[in-house]
Each structure stands twice: as C-alpha cells, then as structure tokens.
Amino acid sequence: MSLLRDNLQCRDFVKSGAFKGNNPAEVVQSCDITFSCVADTTAVKDLVFGNYGVLQGISKGKCYVEMSTIDEETMQDVAEAITARGGVFLESPVVGSRVPALEGQLIILAAGERKLYDECYSCFEAIGKKSLYLGADIGAATRMKLIVNMVMGTVVAGLAEAMAMAEKVGLDQEDVAEVLSVGALSCPTVIHKSQAILSQRYDPHFPLQHQQKDLRLALLLGDKVEQPLYVASAANELYKKARRLGYGESDISAVYRAASN
Amino acid sequence: MSLLRDNLQCRDFVKSGAFKGNNPAEVVQSCDITFSCVADTTAVKDLVFGNYGVLQGISKGKCYVEMSTIDEETMQDVAEAITARGGVFLESPVVGSRVPALEGQLIILAAGERKLYDECYSCFEAIGKKSLYLGADIGAATRMKLIVNMVMGTVVAGLAEAMAMAEKVGLDQEDVAEVLSVGALSCPTVIHKSQAILSQRYDPHFPLQHQQKDLRLALLLGDKVEQPLYVASAANELYKKARRLGYGESDISAVYRAASN
Amino acid sequence: MSLLRDNLQCRDFVKSGAFKGNNPAEVVQSCDITFSCVADTTAVKDLVFGNYGVLQGISKGKCYVEMSTIDEETMQDVAEAITARGGVFLESPVVGSRVPALEGQLIILAAGERKLYDECYSCFEAIGKKSLYLGADIGAATRMKLIVNMVMGTVVAGLAEAMAMAEKVGLDQEDVAEVLSVGALSCPTVIHKSQAILSQRYDPHFPLQHQQKDLRLALLLGDKVEQPLYVASAANELYKKARRLGYGESDISAVYRAASN
Amino acid sequence: MSLLRDNLQCRDFVKSGAFKGNNPAEVVQSCDITFSCVADTTAVKDLVFGNYGVLQGISKGKCYVEMSTIDEETMQDVAEAITARGGVFLESPVVGSRVPALEGQLIILAAGERKLYDECYSCFEAIGKKSLYLGADIGAATRMKLIVNMVMGTVVAGLAEAMAMAEKVGLDQEDVAEVLSVGALSCPTVIHKSQAILSQRYDPHFPLQHQQKDLRLALLLGDKVEQPLYVASAANELYKKARRLGYGESDISAVYRAASN
C-alpha cells in the first residue's frame, strides 16, 4: 500500500484491493511500512513536511523508507524529523535506470535502522536483483549512489570522446563499438551507450541533466572531504556543455554531441 | 614458424620440429608468412631495418604480419619498405593484456592487404577470440587500438577516483566494488581493477607506464585531428602523477595511489 | 559610524567622537547610511535577521551597504528584506586582499540603488582606488567578483604548475620569476606569488580556502548558466588538493605545494 | 650581417652596405657571429644540415646563435654538429610577440657558451629589453621559453572562460575588462587580450596554433619529467577546440571562441 501519484496506475491497484489514502498522512497512518520514491528534493520535502504530510501520520513504530535520490542533508533532515516522532527510518536510493527498473534489476542501497532493512528485504528482493545494507549512518546510501553514478558519468564521457575521435581519424564507429563490446570493458553501459551514439538516438533512459546533477553533487561531496577529482570534474564540464547544446533532457549518451561538437 | 627471442621457449619449438632461423632475414626467407610481436618501436625498427633484418629476407610474395603496438608513422614506414620489395604487409596489433593472451582471448585488429588477412584468419582464431579487418589503410588498426586503450585509461582513472572518494566519505571500498560488480558497469576491467585496488596489489597485468604512453599517443592523435579530449587528458595527468609516485611498472590499477594521495 | 566587532579598534573610534551602538538595530537607527563588511554568509544573516538585528533598525529611507562577499542568493534575500521595510540597499563587495585594503587600493563593485551609490561615492574613493556601478540588479556585483577571482585562481594555479615544472627540468625558479616579472604577464599577482613560492612562505594575504570557495561558487554559477569551465575546474581541483595537504589557511600561493607534490 | 629570406628587406640592408651571402654556408664563412631566427624545426634543419648549409661554413672559432623556437632535441643536435666542427654555439630563443619585437622589448633567453653570450650582449641589448643567461646546458633556454609560454596559454584560456561566463550571467564584458585592468592581474597580456575579445578582432600577434604547439611541447616535457599539469592540459584542449573551430591562424585570444561556443 503506498501513495501513488499517477491516478490511472492507482486505480488498477485499488481495483486489486489496495487502500488509497487521500494524502501522505493518511497513507502513513494506515500502513506499517511506507515506501516513498519521488522526483527530487522539493518533492520529498513537500511530501514529508507539507500539510497533511508524512510527519502528521507518523507515530511510534511507523516505518518510512525513502527511496528517492536526493542530497544527503535533506535525507538527514527527513530522518531526524521522522525518528523524533517515534518513527523508524530507512534511506534506500536505487541504482539503475528505466530498463532495469522495469525488469526488476535495480540495485538497492540502504542505510538506517537495520531491523527495518531486514523487514524490507523481501520487498527489495522483489523489485531489485541486489540490496546492500551500508550501516546505521543516514547519508551513507546516498553517498554510495553518488559515487557509483560518478563512475558512470566518467565512463560514458570517456566513451563519447573515443567515439568522436574515431570519426575524426577515419575509423568506423561501429567497429569501435564492436571491439569494445567483446573486450575487457564490455558491460551493459558501454554496449548500450555505444549503440545510442551510433544510432544517434538519445531516448532518455537516464536523462543527461540528472547525470550532470549527480556529478555536481559528487564533486561537492569531494569538496567537503578534500578529495580532488580531476577526471570526474572534466567529465562534469563536458555534460554542462551538452546541456548548453540542448541535450539536458536527452539520454546521458548525448554527451557525445558535446565531445564531437 | 617465427623468430623467437626467448631461447628456452625456442628450444621447445625446435624439439617439436620447428626451424630456427639465425636472424630475421633467414626466418623471413624460409616462411611464407612471418608474424612479429616485439616490445616497442625501437625493437621493430631493429628487426626490420637492421643488419640481416627482415627487409633483407623479403622477396616478391613474402608476407609479413606486424602485431607489435607501435606508433602509426613507424608502422607505415615498415609497410612501405616491405611492399617496396614486393612483400605483402598486414598491421595487426592486439587488444588485451597478460591473462587474455594466455587464455587465447585476445582481440586482433588488422589493416592492410585483405588477402593476407584472410590467410591469417585461422591463426588469428587460434590465438584470439575475435579478429577485425579495418581496411587497407595501414595505421587504422593502430589508431583503433589507441582509442580503445584511451577508454580503458579513462575508465580505470574514474574508478580510482571513486574508490579514493569512497574511503574519504566513510564508505567501505568493498561495498563500492560489490555494487559496481553487479550493476550496468560490470565488466572484467571494473571487476579486476576494483579487486586490485582493494587488495593493494598491483601486479602488472598492463603496466601503468604503457597505459600512460598509449594515452599520450592518443592525445597526440587528437592533436593532429583537432579533437579536444578533456576527460582523457585529465586521466593522462593522473597517470603521470602515478608514475612520479613510482608506480610506472605496476599495474594500471595503481593509478589509485595517485587519486588517493 | 558603523558596527565594529573588534572592541579595541572600536574604542579608538569612540575616543575620536564616534557613537557606538549596542546592537545592529541601534547602529542602523542612528545612521543615514550603514556599511557592513563581515566574514561570511552566516555572519551576514545573523547581523541582518538576528535579534536586535539590522532589519529591526531599518525604516523608510535608511540606507544599507553590504560589502561582505557572500553568495548571490543571500545577498538578494537581504536586499529584499531591507527594501520591504522601506530601506535602500546597495551590494558592494570589494576586490583586493590584505595589502590593497591597508593601502586604500581596493576595487569596489556595486549594484543596487544608483542614488545610494552616488552618495557613497566619496566614501568608496577614500577606501578604494576605483569603484564601479554595475546596475540595479542585486547579485551583479557578487557575480563580477566571483568571475574576477576565478581568473585569479586560474592564473595562480598556472603559475604554480610552471614553477613546479621548472624545478623538475633543472631550471632555476628565480630565473622563471625574473622572466615573468619583466614580460607581458608582469602584474602584482604574478610577481608576488612567484616570490611567495620562491621563499616558501605562504603568509595568508588571500587564504587558499577562500580562493577555493570562490572557485566553487564560480563553478556553480557556471553550472546554473550552462557555461563549461574546463580550465577553472581543473584549477579548483588543484586547490582542493592543496587543502588536503593542509594549506587551507595558507596563502593562495601554497597551491604550489599541490602542483609540486 | 645575416641571412635574410625576404629579398626586399635584404635589398635595403645591402644598399646600406651589408654583404649578402648566396647561401647559409657563405654567410657563416664571412661572419664572426651569425644569428639565425627562422620559422620552425624544419627550417632550422634545412638551414643547418642542407646543401651549402651552415655546417659547411662553420670552421674553428665561428660563432652561431640560434634564436628560433624549436624543440629541445633539434636544438641539441644543431649544437653538437656545430661544436663538432670547432664552432661556438649559443641557444637564444626570445619571449615576446610582434609588438614587443617591433619595439625592441623582447626578452632573450640564452644557454650555451658563456663567452659568446657576453659577446652578444650588446646586440641583445639592442633588440630586447632584457637578456638572461641560463647556463651552459643547451636546451635550458628552450625549456624556459616553453614554461613561460605555458603560463601565457593558461592565463589567456582562464581569461577567455571568464569573459564567456560574464556574458552568460548578464554582466558587461567591458566592465570585466576594466576591473581586471586596474586590479592585481593587470598586465599587458590581460589588458590586450581582453580588448581583443571585446572587439572580436583576433589579428595574430601570437598565432593560436603556435600557442597550442608550445603547450603540446610543454606537456610532453612534463611527461618526460613526470610532472602532472592538470590546468595546462585543460587549457591545451581548449586551444585544440579553437583550432577545430578554424581559429588556428588567429590570435591566441580567439580561444575565447572555444570557451563561449
């Protein structure tokens, strides 16, 4: 039982016997564990701190699992507010984009109350292929997600530069894609993003502006802990350039347009 | 039948019935097709242009397959010299390091005489898992190899920055490695290099100074065709730093020491 | 007449006939124009929005000149709060570090109410060598300052790399400094920072961590307007490295330690 | 008395009483000290090693001053060839572009035979405002020149990014130029290049492709001595981009077009 924003999807669930709350507070009141996964920090704050929001439904023992990807500080604010009212909190952002989500292949990162993680385990098994508990420290799962997405951003930017150069030096980009697909770098990202570059189709599996936002947050995290990130910051600038070229809402692979521009 | 530098290995072949030439010229004279794979540009030049060298054994119809990874210009010089004497030339550098070589899992890139490529095909099948003919233009295979290794260099540098940051923000590097190993970036390079970083063992599967040399050559190629490479050049500087720290002869994964320094 | 944090300095002014307010509100109430210049965003917020703060002293026609360097958003919040109470606001951060301040050689950047700028003009002449009115748009002066400091950060990082390389290639760093001091790049920054690097004395004329903070803010500004900043972002990472090496409170010239490390 | 490539200029000198040699060998034979300053490595090699070239005119005690900017290795080859024939060699590249050259404001860097430097001193005084002897080690003056030009390249790239950002955030670029011209970064380069960017006129005082070539050589020097150059390499890529946009023969300030693209 969860809060569903999309009314059509919601209707199907209700038909199957689900209870539909009129607002976040009501949902939380009627559930033992509530899972939330919304677009961004603003949506999370509205949902939790707004009128008839989550906080008003939380009481001793109620469990709340925040699966949205937001900044660490907001995640900690939400956790504090919920536990202050006797609630139990788990942070659990997911790794993976549209296709893994549809196929139940997400990776779930979790931090917070261990007992709640254990209770959620079967649900996580259902929606993902792997879940990982990172300890009690709220923020740890968000940091992990940013670091993993930072690697993603660097890899795809590096791939884009290679494809751009291939064309300039008279190689067939399909050959590059083929060599990469059979070598030691062969992974879903390299294979799918090479194909996207080849086909010049940038359907947003993972929108470029989200990747760039994640790089920005990762770099700010690096700033906080005094970790220089020469390669990731160069990648970040290339994604900015792609945004300027108008590819913010395209797939991350459109960073190729910045590299080949 | 080929020129073998290591006498012990050579002895075994001779025992099995192979003919051992006393010098490159003699080897070439006694073979239809000669395969060469040596360390670097200097070795290639010595072998081909030196006294009793390959050129002195080449005559009309003799085939020569250069599998060493060297710069494009030297490759073209060798090709010209051999074809000027009636020889047939194929450029065929390989992608893959020590373990793929031992397991017959190399990728063979070839450019030059198509007929010779076809004749070599069964040999390439024996030593590699994949071969790719890139056209008649000598240099194309070398450029492809540099581009593929440029991606490799960027990926491992990006991974190194991520592992360094993970430690700074209080995450367990083993957890990062695990998440990466099951996600969309899961490939032999990411898996093995994460493990090398975790174990702090940098046995040279692919020596860091070779990776940095390949990045340098790729960047110079980019210079020639006016292709900016912001991310790869940042990665290159990080490998230079690792060399300065004394890791030139260690594995490429030792770039982690530069990132975490 | 202004709020003075340092009591000893304050005493001298009072002896000379100045009125000392007991709190920000009282200072503002007793002055036509109040100038504020404090350390950071937190200090500005306390001063303006705190108990007995500036806002409580503002009434119709009271003028407030904010000379602190803070982020654009806070500057705009302060401006709105003051004008909402009938006050008149001028944003006027200064360019220049310790020595220019002592010598009246600061550059004053201003944005906001033109009439107030004109009234302040004689004061600005007294404390600086140049003032510039950038229009009514609050935030413009802060953006200008960030951009100017971004150039500063890039120049000093570039100088540091050059001095580090000079040593590695067997040149005398004093010779580099001399050539730079007579050539087309000869400016106070290049001259003084070369000397600081030569003498290995990093007395904080402009603390490195402030430079890095300004670079971070400039990069975030670039992010907002989709302006890639490849060179400035590389410089930023080098300053981060210098912070990690423990030079955050040293002069900006200590970025040399990161470059030569 | 020197070899003059431009016949019209040469004619004026001859009218004034100068001797015109028919080839480099003849010039060297008829002079005690010959000064050479030509376009690039190829021109230097032709002049020195070609038919009727410098080497054929060198005899015991003849002095040769190479003022061209070329790579260190060629400089050393030329020095060896000349001294092997009993000649005396001085390497003396100059710092400064078209206007300083016309105004006698060049800086002359010298390395090689000290006695020859002393003999040339009055000539250097005539054509430059400053000369510096860097020791007997041939190559030192070239390395110094590359390092100084590396700083130049970084500074102008940093300036270009700042001017590009200024426009994006709604500031008047003239205001940026004015603030920079009165502050601690005020130097001929910053002043003139700001003006070039403002006027959108890129008359080649120092051609961009030469700046990029110098950056490439400086980075290769850094590679040799294991000196990471994160900022200079980012600048180098930006100049590459400007070359791709067609500004190779424009002034170095046209790097702005790459930054604002």
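Descriptive notes on the structure:
To keep things simple, chains are lettered A, B, C and D as they appear, and every chain counts its residues starting from 1.
Operating definition for what follows: a residue touches a chain if its C-beta (ideal position, glycine included) is under 8 Å from a C-beta of that chain, and two chains touch if they have at least 3 such contacts.
Here the structure is a predicted model, which means the values were calculated and not measured.
Simply put, of B-C and C-D, more C-beta pairs touch at C-D.
Mean C-alpha positions place chain B and chain C at a centre distance of 52 Å. One simple way to say how far apart two chains are is to compare their mean CA positions; for chain C and chain D this gives 37 Å. Counting partner chains per residue, chain D shows two or more touched chains at residues 222, 226-227, 229-230, 233-234, 237-238.
Chain contact topology: the protein chains form a complete graph, every chain touching every other one.
If you check the complex, the residues on chain D that touch chain B are 212, 216, 220, 222-223, 226-230, 233-234, 236-238, 240-241, 243-244.
Here chain D touches chain C in the complex through residues 95-97, 100, 107, 109, 129-130, 132, 134, 137, 140, 143-144, 147-148, 150-152, 154-155, 157-159, 161-162, 164-166, 168-172, 175-176, 178-180, 182-190, 192, 218, 221-222, 225-227, 229-235, 237-238, going by the rule given at the top.
Put simply, chain D touches chain A in their complex at residues 230, 234, 261.
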